[in-house]
Amino acid sequence: MSDFIVPNLQKEKIEEYATEGMRLDGRKISDYREIKVEKEISKNAESSVRVRVGDTEVFAGVKMAVTEPYPDSPNEGTFMTTAELHPMASDNFDLGKPGIGAIELARVIDRGIRESGFIDFKKLCIKEGEKVWQVFVDIVALNDGGNLLDVAGLAALIALGNARLPVYNEEEDKIEHEFSDNPLPLDKEAMSFNMTLHKIGGKILVDVTKEEEAISDYRISIAVADNSGEPRITAMQKGKAGAISEGDMENILNLVCDKWKEMFPKVKELVFG
Amino acid sequence: MDNEERQIVVPGETIVSGNEYLPGDGAYRDGNEVVSKRFGVSNISDKHVRVIPVSGTYYPRRGNTIIGTVVDITHNGWLIDFGGAQNAFLGVSEVPRYINKNELREFLDFGESVVVKVWDVKGRGIDVSMKMRGFGKLEGGMLFSVNPNKVPRIIGKEGSMVKLIRDATGCEITVGQNGKVWISGSDVQKEILTREIIEFVVNNATINGLTEKVEEFIKSKGLKGSDVEIVAENTDGGEE
Amino acid sequence: MVNSLYTKRSDGRKMDEVRPMKAKVGIVPSADGSASFETGGTKAIAVVRGPRTLHPQHMQNPQKGILRVSYGMMPFSVWDRIRPGPSRRSEEISKVVEWALSSVVDLSEFPNTVVDVFIQIPQADAGTRVAGLNAASMALAHAGIPMKEMVSAIAVGKADKTLIVDVNKEEEDFSEGEGATDIPMALTSRTKNIALLQLDGKISPNELREAINMGKKACGDILKVQMDALKNVNGGSDNE
């Protein structure tokens, strides 16, 4: 992965705008870009989506298989998230094994989904100790216009929310080449979605562009769920080298609560339609 | 079939037949026919057939004005990233005043942006200069990118379009043929508006009566004609 | 087609009929060129980045740019999930597609650079490499890369004794009688030369001749779709 260079005058201008609560594309620092979702990209997938936020676009798909459970959780299904920051999406991505960017992104999204309890792993058990469903979420970036993590996280949620189990023939122990009408066993109330905030020009910004992402002091990704009408944080990850001040932490939490009120219902609508 | 016969052509498509036609940029001869080598708009002028690209990377030509950013400093000059396949080289002898080898960074540092003229295009990169009036370091302002093939529309005939936008917004505007645009205004709102107007031009580049549409757009944004002070003359980016 | 076990196509098509096609240009804003091409249930996306500097330096060609193709399938594109990352199959397909495109592309103006073509398959129903090649041809044109002509591709084949055009997955898996023969091929648009040709199965030389002729005709249909997509590209919103 190579660095994306932002000219000095641009960095200064982005910071200047941020102190006034504005951004170069006309948005306010707390505005999201337009979200577009296309479903059913692949008829061979349990679910597949294409999600675009501003210029940033990703594919996500769910595939399932039957496997042996892990020894320490004999009655739970398994879950794995992969992410490919494919070089088609950016001049700064290279071909080859996943770099730290892809690894961190996949792990952060994975944790957010796993720890929230969104997927009911116990209901993915077919025969305790012997057979469980294995759920794969695979994300492929198509265009990096900034904030890939949130867009990928959203795509993963929508893909999971729309997935149907393949038909499993228990007697013959094989997966039939067709889909059932059964959705993934999900606890809808436990859904948690990811918001990544960046510190720029003394302010906290949401849904950053590629340039903003490159010049920010630090970023913090926060997965938030709904606890009976109140925000509940289920995962966090701070990235980049800048440090968060106490005042910042206050602003971050306030912004998270505000945006959660606005975005959570929208995300729920996108995921469950 | 001169001048006005423009069509969108794809590689391999016959543009015109006849041995009197000469293939120019983006075209080649195949027997009796002149064939397109690129995806673009065909242009026939005095039996000279060219294809003008509508998309794709910018290819630098001698005499072009480009905007770029310093990404490296050598012992005798600066390497400028302008979005092309190779970086441009700005030699220490191509700046307006005498620069001592120790003063390179002081004069122009990493990350600073410049508007320069292309004076040589070789296999291993291009050479640029900022010795002439109207070229130099860019201070303040903001940058954004547009499809380089639409730059002639932003500039307009003899600079008329960019002048129209400048007068309406009071912002300084410099357009590089490489598709980089620099804007500097008295406040954030004006700069954002100027960018919106330029993007409007780019998105409507192919329609007739563009100038009227742009004027309507400007009015709809609440701007009047010449809004302000004439700021320091910047090059208008040159023409095609 | 005397006494063949395959008398009616699984999807009701005529033997020489191509599945419904859909093509679009300019789908990845940050790329130099991009396109999608769909044939029935097979979707392909191609993205071009370049010409850009090639690293490491020792791989550079001082006389011309090099073309580099990378083909891959998305994990959820097929029924049995494909683990992310390259496979021997994807490496081979990348190479034959690269050869096909190299036969028409002219990178002599861009020494020491690379033009990267990325092909990805979001949904597969046989014929993925030819759909990818069709998309790549458009994406290269969209990127303004000089090409003597376009390339169009199709998979022709045989199911038992019946020659068919645009083989789908079911037909690829046909196992009765002489089974299935799969023949991906690509044709250059102007010179009508074969730029890609592979085969596996059982076929006589005469049947092969006829299959290739059927393929050539189908490539004409493909070319029309590619050209329409390029000529109708939205100037502005998707490609910059």
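In order of appearance the chains are A, B and C, and numbering begins at 1 in each one.
The working rule: a contact is a pair of C-beta atoms (placed from the backbone, for glycine too) under 8 Å apart; a residue touches a chain by one contact, two chains touch by 3 or more.
Predicted, not measured: the structure shown is a model, and the values here were computed from it.
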- Message: Applying the touch definition from the top, give me the chains sitting in contact with each of chain A and chain B.
- Response: C
- Farthest chain relative to chain B (centres taken as mean CA coordinates): A
- Averaging C-alpha coordinates per chain, one finds the centres of chain A and chain B separated by a number of Å equal to 38
- Item | Rounded Å distance, chain A centre to chain C centre (Cα mean) | 32
- Query: Using mean CA coordinates as chain centres, what's the chain B-chain C distance in Å?
  - Reply: 35
- Task: Send over the residues of chain C in touch with two or more other chains.
- Result: 52
- Interface residues, chain A side, partner chain C - complex: 41-46, 48, 50, 55, 57, 59, 61-63, 65, 82, 84, 86-91, 95, 97-98, 136, 138, 140, 142-145, 177
- Along chain A, where are the residues that touch chain B in the complex? 5-13, 16-17, 20, 22, 24, 26
- Item | Interface residues, chain C side, partner chain A - complex | 27-31, 41, 43, 45, 47, 49, 52, 70, 72, 74-79, 81, 84-85, 116, 118, 120, 122-124
- Item | Contacting residues of chain B [partner chain A, same complex] | 69, 71, 81, 109, 111-113, 138-144, 188, 192, 195-196
- Contacting residues of chain C [partner chain B, same complex]: 26, 32-33, 50-53, 62, 104, 106, 109-113, 141-150, 188-190, 226-227, 230-231, 233, 235-237, 239-240
